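Before I ask anything, here is the structure I am working with.
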Amino acid sequence: MAVDLHKFANPARFLRITSAIFPWAAIVTVLLLAVGLYLALFASPEDYQQGATVRIMFVHVPAAWMAMSIYVMMAISSATGLIWKHPVADLSAKAAAPIGACFTFLALVTGSLWGQPMWGTFWVWDARLTSMLILFFLYLGYMAIWGSFDDQSKAGKAAAILVLIGAINVPIIKFSVDWWNTLHQPASVATMDGPKIHSSILTPLLVMGLAYTSLFLTIFIIRVKAEILGRRLRILRLAHVED
Amino acid sequence: MNKFTNLIIRDIRLAVRQGSAFTMTLSFFVVAVTLYPLGVGPELNILARIGPGVLWVGALLSCLLTLDRIFQADFEDGSLDQLMLGSLPIELMTLAKIIAHWLTSVVPLILITPILAVSLNMPADGIWVMMLALLVGSPVLSLIGAVGAGLTVGMRRGGVLLSLLVLPLYIPVLIFGVAAVEAAIAVLPMGPHILLLAGLSLGALVICPIAAAAALRLAVE
Amino acid sequence: MSLTAINLRCIRQDRLIFTDLGFSLKAGEILWVQGRNGAGKSSLLRMIAGLLKPVSGEIQWKGASVKEDPDGYQDQFRYIGHQEALKPVLSARENLQFWADFSGSHNVSAALKEFDLEKIADSPVGIMSAGQKKRTNLARLISSPAPLWILDEPISSLDTHYIELFKKQLEKHVAAGGMALLATHQDLNLPSVHKLDLDGPRGRNNE
Amino acid sequence: MTRKRRRLYIVLSGMAVLAVAASLVLMSFEDSLVFFRSPSDLVEKPVPVGRNFRLGGLVEEGSVVKDGVEISFRVTDLVESVSVRYRGLVPDLFREGQGVVTEGQLTEDGTFVASSVLAKHDENYMPPEVAESLKAAGQWQPEDKK
């Protein structure tokens, strides 16, 4: 297992694989976004209670999904970084963080735009909005700790410890905030009895989810590449100074 | 075990001899809480309503002020290196320092709470639950704080970063701590909230020293 | 009893400090680590003390890797770093007593006597001079004895009189079968000294 | 005690503490955390006048009366009900049959004076015609959900 992972840890190999994937990921993203937005904004029917405002959901909900799953992905990749001393693992968590923060921000903004017509105010201290806000703070803390170390390999380990503690805490925070103020509708898609959303609304939602995922992958590939090259550049510069 | 208690005793003795840090945190707590009536207005109903939250947030912030001292002083004078080298496992060493921090920086806050609670017009049956909730929940503040302190030890402007890292993680304690007091005031059962706080404390008791120890290993490298 | 380092490699902040560094030290020997500032003297000493993990290579104590019994190895050495590890509000005696208890030994009064600290033992460390602090720190070597001494600049801020005193302690330790790893700028003219020059062929300049 | 054994004890006691922590959390669920009281709770265990608490339930059908900025309605859990007075804007989703959580205190005459009203909206998303047909088929009663 460890050996297999290390093959990908070799930056040269990693760079080659990602370069091959990149153009495809970009094309898929554009297509999915186009289809998803068309379905979401024009083709889908209005909601029986919420009217046209429900369309905000197609931008909002997948962004919230991404915000959560990117954090989980960062935690997993940080854990592999700590256990298998994987050179790319820390860097990929670092590369994913700002993208995750952006999705969280998007979810917050669209959530409050949705809140205006639905709840009568731009911001309510509703459980899910609040836990999104806290998630946003966790992302900020993660990025801040990377910026606070001169030594990049130390920064990687410190950030990994932080993201793992955060990952243990996220469910607790989520749960506590839910109890604190439950105003937001309960989970609709991932429930035991199957989705509670009508298929005409569910389809564009899922398409948008896929579009976001591939958008994430595309940006992520660019960022990881930039991180690896930046690290190399730094080492070359150091060697240059010492000559 | 002897080394463990010795380390706790040393840290308490240092805090007592330095004294000033001790009284400063307490004064901060008192001043911070007194600011609320000035900002919100002296209306007793409103104060009683926000009292539990004000006291918890005040305790949180006062605790935050002292967090960076958990490891920073030992890091600066080289004691941390020696503590890492002792035969006491590093996880237990951090736990000892966390216990000392809780005893010296957090327990005094709990002891002074009743006076502040009265000044906020909190009903009598809320006050002792407030103390109980603080007693059961506040170890989490020291424990999670120690992880943040370990990660930021040795940084020039670590204090600000420390707050950014630690405060979001304090939210569950804040919520259930306040909920316990509000439940007691509203004559609802507060037992479940206290149990939850105890659960959080015990969970943090196991996980946080491990994470803080990992952070310290990084710091001395 | 022996300490062996094999192919140690040290990288700090993406910068190679030294590589393929090795030495071997037996009972009754001293290793004098030399090198310019930044050559990695302190890093090497911290690596031997286990505070810094080598990127590659191995440290062996009595022929077995220290990774096999890290706790057991920790009882075998005392590390004296740049900083004094003393608390200003505690007296010299209280400071030493704490560290002695922490490493499970009790020779505090003997140690105070050896380093000529008895008169000032009960005043707070905060009001002591740099040299007095250094001596208090060095007294830990006697109050908590261990076969291997790892000493990073032990004589900085000591005057000639106390340098002699320290040398005597070091010689006594070595004569009794102890070992020492010593990083100083100054040559102490000690007996049975091996030299390790970090500016030499193992250093980064030849990479 | 050898070092290995001591480490083992530390690990075991750590796991034991975690287990206790988990069981405490589960126990508190068993006792069901209460964040708001239902009208039935209120009858069972009265709250003194002037104490602040949260009252939750459904807005009783036909009970909403708007009078300028003041709105009064009854909150019910289908067994007991309490009349509530509130001054201020209510959210769009506030309607009869919907779940609400109100925060405030009881007055002498047994009315609950709310300082805030939060509406809960349900988790169903569907086009209006689907909702209509479901209603027509009798498969869907909004009152059942909260």
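Letters A, B, C and D mark the chains as written, and numbering starts fresh at 1 in each.
Note that contacts are C-beta pairs under 8 Å (C-beta built on N, C-alpha and C of every residue); 3 or more make two chains touch, one makes a residue touch a chain.
The structure presented is a predicted model; accordingly, all values stated were derived computationally and were not measured.
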Chain nearest the global centroid, as defined over all protein CA atoms shown: B
A-B against A-C, pair bridged by the larger set of C-beta contacts: A-B
Separation of mean Cα positions, chain D and chain C [Å, integer]: 65
Centre-to-centre distance between chain D and chain B (centres being mean Cα positions), rounded to whole Å: 31
Whole-Å gap separating chain A and chain C, where each centre is the average of the chain's CA atoms: 48
Numbers and ranges of chain D residues touching at least 2 other chains: 33, 35
Chain C: positions in contact with at least two other chains: 71
Touching two or more other chains - residues of chain B: 89, 179, 200, 221
Partner chain C, residues of chain A touching it in the complex: 150-153, 231, 234-235, 238, 242
Chain B-touching residues of chain D, taken from the complex the two chains share: 7, 10, 14-15, 17-18, 20-25, 27-29, 31-35, 37, 45, 47-48, 50-54
Of all residues in chain C, those that touch chain B in their complex: 46, 49-53, 71, 74-75, 79, 81-87, 89-90, 98-99, 101-104
Contact set on chain B toward chain C in their complex: 2-3, 6-7, 10, 13-14, 17-18, 76-79, 81-89, 220-221
Contacting residues of chain C [partner chain A, same complex]: 12-15, 204-205
